[in-house]
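Report on one structure; see the data block that follows.
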């Protein structure tokens, strides 16, 4: 099965809104950080992937919000690949404050080249660099 | 049935990413603008709603991306209330560049008071101010 | 002398922070909008400038904050070219809420090509397209 | 003399723009992180300061950009208090990629209470918690 990777992110003042909580749209940035760090933990970076001409584009993004995150909260972003097909990859993300689950997200990416043409999902995405 | 409201938004440089497109997480900000302007078109503002002690919190957000939006594109955000129940309201958003559909979003909001306690959805949300 | 251009921008919820005001870093985005619209009023767009291979990079940015802007405020961004030299252009920006001056900014841009090499400031930046 | 504090921040995809670099307005968010972590290193948090009723508002912000930061760059944010007076505090920030200086910033904050009235700068800002 696929590994789960955890990274910690602290909520910045900029990321709050006047309700005094992390703005709902900013969770997607934390998910992006989670995917980048999962890949790094396998020995790759999204930067090299992109430099090699393979771009990952988000085709679907969703998030369910259970409890608000606050300024300066130290959050854990859990990221797991939930599915890989020929042309797409799906991630599940959980946002926790200690044991407390604050939000759950699902992101689907497709792969394209610089001309926007669909590519096969690189096989290494679910493997470790040897 | 519920009205559909349209507002135009131009993509800012800040909102692009290095892929040369509108960052996927920024569509949620445009949806927020769409909801605010739908409400204004009915004679209300979200600011007064909040000042009256009723806060709208996003409990679910999703977006499907069909085609990328680019810097300086003048986009049309179409916003419709798709469902109102006692405690929640659901919106459908479409992002268009002229006739071309770029993205579709669904946002569910719940209403809480300043203490975070669930409130009834204000009735006027689906009506015009007389 | 150089013309002053005005554009209106409404503060989005996303752009507020938990102090209940427009986050200080977000004024720079409004200044960017002001520069883009000043150029458009002269018959050009920054998009075509960039497509022609001339990139405007910010080399200095500053802002003085006099009074806070709030959510849903309709702000006027006044933009004036304050200086053009061979390689740089300087803008002055004022942010007003009706007559009230909220902030003043100064932005200096340099011009580079795609390889990052300094270019002459395009002459048309201070002129109207005929 | 005042201490200098260093914190590392990695550039997120969201924070880049279509020029392929960190958007100029986003440096101010990194400066904010620098100030928060300097305070934490002294044994305080900005969150408790604010909860005690003292708000730090930015009255002047400036940044000089020397070289662009790129996606996934691991940056060092150096933060030093450069001046404290009765009502204001000034910070100097440097952004480095390894030894390379990318940007320099100066931020001036004033202190207000919840009603917006000017307060004395809390003395502990330049001291360590015992």
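By written order: A, B, C and D. Residues from 1 in each chain.
Quick note on the criterion: a contact is a pair of C-beta atoms (placed from the backbone, for glycine too) under 8 Å apart; a residue touches a chain by one contact, two chains touch by 3 or more.
This structure is a prediction, so every number in the text was calculated from the model and none was measured.
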{"item": "Per Cα centroids, the chain farthest from chain D", "value": "B"}
{"item": "Interface with more contacting C-beta pairs, comparing A-D to C-D", "value": "C-D"}
{"item": "Whole-Å separation of chain centres (CA-atom averages), chain C against chain D", "value": "23"}
{"item": "For chain A paired with chain D, centre-to-centre distance based on mean C-alpha positions, whole Å", "value": "27"}
{"item": "Touching two or more other chains - residues of chain A", "value": "13-14, 19, 25, 28-29, 32, 71"}
{"item": "Touching residues (chain side chain D, partner chain B) in the complex", "value": "13-14, 16-21, 23, 25, 71"}
{"item": "Complex interface listing, chain D residues touching chain A", "value": "12-14, 28-29, 32-33, 36, 45-47, 71-72"}
{"item": "In the complex with chain A, residue positions of chain B that touch it", "value": "19, 24-26, 28-29, 32, 55, 57-65, 68"}
